[in-house]
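Two complexes are shown next, each including chain A; its partner changes from chain B in the first to chain C in the second.
Up next, the complex of A and B:
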């Protein structure tokens, strides 16, 4: 990333940090983490399991809401405020602008998630738990999910209005976490008529379950780091594809 | 306005009854496990938690329709354990509820067996053992013991459980007791003997104590059998040993540390010795906790006081005859001659 894209990333970071909406979403995420203890109290036992499960799910939703509410409207805000003209009429290219926006947003979103993660870690330690490799793997998975969701939000933001981009990002999240169902629907010879179609869809549709390690944090099972690594590669390939699409769409736009 | 509120209050009495009657069979919908898996959108563990939390208050409710309740219960356990196959509480609490409250021992056993099968698959896949897998096996053995009165199945599952390194001593001793009843003395002795070279010194010490106790139990059984056969108590240890019917090698091992008192009571000096050592270790651990909480070491008398002592209450019987415990300034407990 060159100097101009870095400058755009820093400006995006500063702008997003000042956004009150971001604060609201972060309060929601941290609130989910803290509230998870109340759900733990309602359980017969397994308090720490409830704390970890609901906190990590809350953080996944935090990543989604950040992408939907801050990321999807990011390009539209630049156009609305006319700052995009100032930037593009100077030396920055549209590719640099998209890349800068992407990196800036990912920094902010990661900061929010790491903040929520730190609260979760403290919360787990406060209630007598420990921070192990499964929790770290789940956090890494969430950070990777944030990367691809930010790319989706930017791609859709370059393509359409912020509201539609938000809904599209939400749909991507649901599809990404529901793709595994396609494989289960045809497992053990079930639905043979649709097996071929499902198989193609399973390969083609995005699959966020590749980096979803939040379900195994309390099972005591060892972390499959190799799968997480391959999942990271998979997510980065989707991110590259979406960013390339965002650049193409943004280049075609007439201001 | 007052009239309207008063009329509403009067109406509420009847409405409340109607509400309660409606709730009696108002089962909450429990999604099919495949639907739940798809609609969890990757948050399977959290959805399992949410469904479990939603079901918990209903476990205490009264239901008129038993068949409907069974369907609901099976649905809840099915979906929760499918979404999170490692949800130990759902298996454990679920099987207890099914067996004790709903009188469905077979369903309880089926639930535990499902959990065991899932843990076995995980263990085969991961190449390691999980403590919850052991606990479920013990729960299953206890379910067969308490609810089905199936001694053979209990022994079968306990035998599998004690082969696992994280099996507790209480469970081991239950199997030892069953094996002694069946006169499988060598096998009973082997359950403690196999832990004598365990890497953990505390496990080794407990195994040695249990081994001596098993020997003493065999000797006492032999004594009872002798009395039943002969119509009198054995006059001496040698007479008991000669007429015990045990294999000579086994008899030598069993009677190696056994003594007979003047009133014919059998004791084991080695077991007493190991029990005192074990008691002293427990006292030292309790003393450490006491000091952390109170800033000073406890007195020996404190260990024998029930009031205010939730850590370790000893009986006077735990003191060896003619001796007493003392605790030094560093929290070490020892036995000295009584003055």
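Up next, the complex of A and C:
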């Protein structure tokens, strides 16, 4: 990334971390982690498992809300407030602008997730647990999910109005976490007539379960680092494709 | 003299919606701006000024025609290296401080961090924002934003300053300050392309104007030439004027006023006023003054636009 894109990323980061909207979303995320303890008390199962499960799921939702509320409208806000005029009339290209916005947003969202992750780690340690590889793998998975959700939000934001971009990001998240069901339907052979369709859809639709290590963490299974590596590669390819799409759409925009 | 802006047969057509009628914002606009000059780009609302500026800054691509900025198409980022642009009602990243924002704009314009650190305090001092250097832009008044915008446009010491309504929202002291800065930048050899509705300011700052009307160039030329080529008029002040001469003056005058035994009349045309002055003198009256009046830019602009509108209506 060159100096111009880095400057845009830094400005995006500074703007976002000083915005009250971000604070609200972070309060929600940290609140979810803290609230997990209450569920832990009510749970008949392992308290610590419930705390981790609920907290990590809450952090996944935090990543979604950040992408929907901050990421999806970020390009539209630049256009609406005309700040884009002061950027694109300099030597920065539109590609650098999209790349800078993306990196800046990812920095902010990662900071929020790492903050919530730190609260979770403290929570786990406080209640006698330990921070092991499974929890780290789940966190890495969440950070990767955040990357692709940010790219989706930016792509849809370059293509449409913020509300539509938010809904689209939400749909991507739902579909991304539901794709595994298609594979199960195909594998179980319940609908042989639709098996081919399910198979194609499974390959075409995004699959965020590739980086979802929450269940593996809470069920105590050993970390499959190779799966995590492949999952990382998978979401990074999706991210690259979405960013390329965002650049193409944004380059066509007339201000 | 080098040509800093070159525009040839520029057309821009918008389609407001998929099924809406296309709107021709620019219809064959051509003009040049040469190095070191200050050009006022004028026109009524909706004439195509902002569209021209957006094409020249690379924010918009033309439907057809050519625009070159320092010899390069504005869509090429390198063309914008020498451009300092202040948009109308500028908005900046609200949560940044002026120092952070200047650092940002400097980086976007290829200025080294060390140079920005050296220039930024001086620029903020120059636009009288030194005291607000570490305050967030969010709390700035419209005038402060405008002055900051000028500092941001100057951070990379561009060859060309493109200013869209640079004096709007400023108090009298702010207006004076911004005008002084524009004049200083001109004196330093920078080319200025200025859009403004305040024609007295344009007359004060610019050498030449281009008037755009309904997407076409209606007039262009140096301010001095355009005003001198307009209709001449004179102000005649005389006293002790006999009644029959008074009647002749009243008949010829565009504006006529009597106070005591003094007559003041504004008389159009090159010959009528000197003839009436001679008549006053011959009839025993006293000619106190006979002063040629120059039309100001605003009156001239209104007349040109009226004429263009009538011509458009006739067609």
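In this text, the second predicted complex is superposed on the first by the 253 of 255 C-alpha atoms of A that agree within 3 Å, B and C clash if a C-alpha of one lies under 4 Å from a C-alpha of the other, contacts with A are read in each partner's own complex, and residues count from 1 in each chain.
As a convention for this text, a contact is a pair of C-beta atoms (placed from the backbone, for glycine too) under 8 Å apart; a residue touches a chain by one contact, two chains touch by 3 or more.
Quick caveat, the model's predicted, so the values are computed rather than measured.
Contacts of A:49 after superposition: chain B is touched, whereas chain C is not reached. When the two complexes are overlaid on their common chain A, residue A:214 makes contact with chain B while staying clear of chain C.
In the superposition on chain A, A:14 makes contact with chain C only, while chain B stays out of contact range. Within the superposed three-chain model, A:181 lies in touch with chain B and out of touch with chain C [touch as defined at top]. In the superposition on chain A, no contact is made by A:130 with either chain B or chain C. When the two complexes are overlaid, the chain among chain B and chain C that reaches more residues of chain A is B. Residue ranges of chain C in contact with chain A, taken from their complex: 54, 57-61, 77-78, 80-81, 83, 85, 87, 89-96, 100, 103-105, 107-110, 136, 149, 152, 156.
The residues of chain B lying in touch with chain A in their complex are 34, 37-38, 41-46, 48-49, 52-53, 56, 84, 86-89, 93, 122, 126, 128, 130-132.
Chain A contributes residues 3-4, 6-8, 10-11, 14-15, 18-19, 81-83, 85-93, 254-255 to its touches with chain C in the complex. Taken in their complex, chain A has these residues touching chain B: 39, 42-46, 49-50, 53-54, 56-57, 60, 173-174, 176-178, 180-181, 184, 208-209, 212, 214-222.
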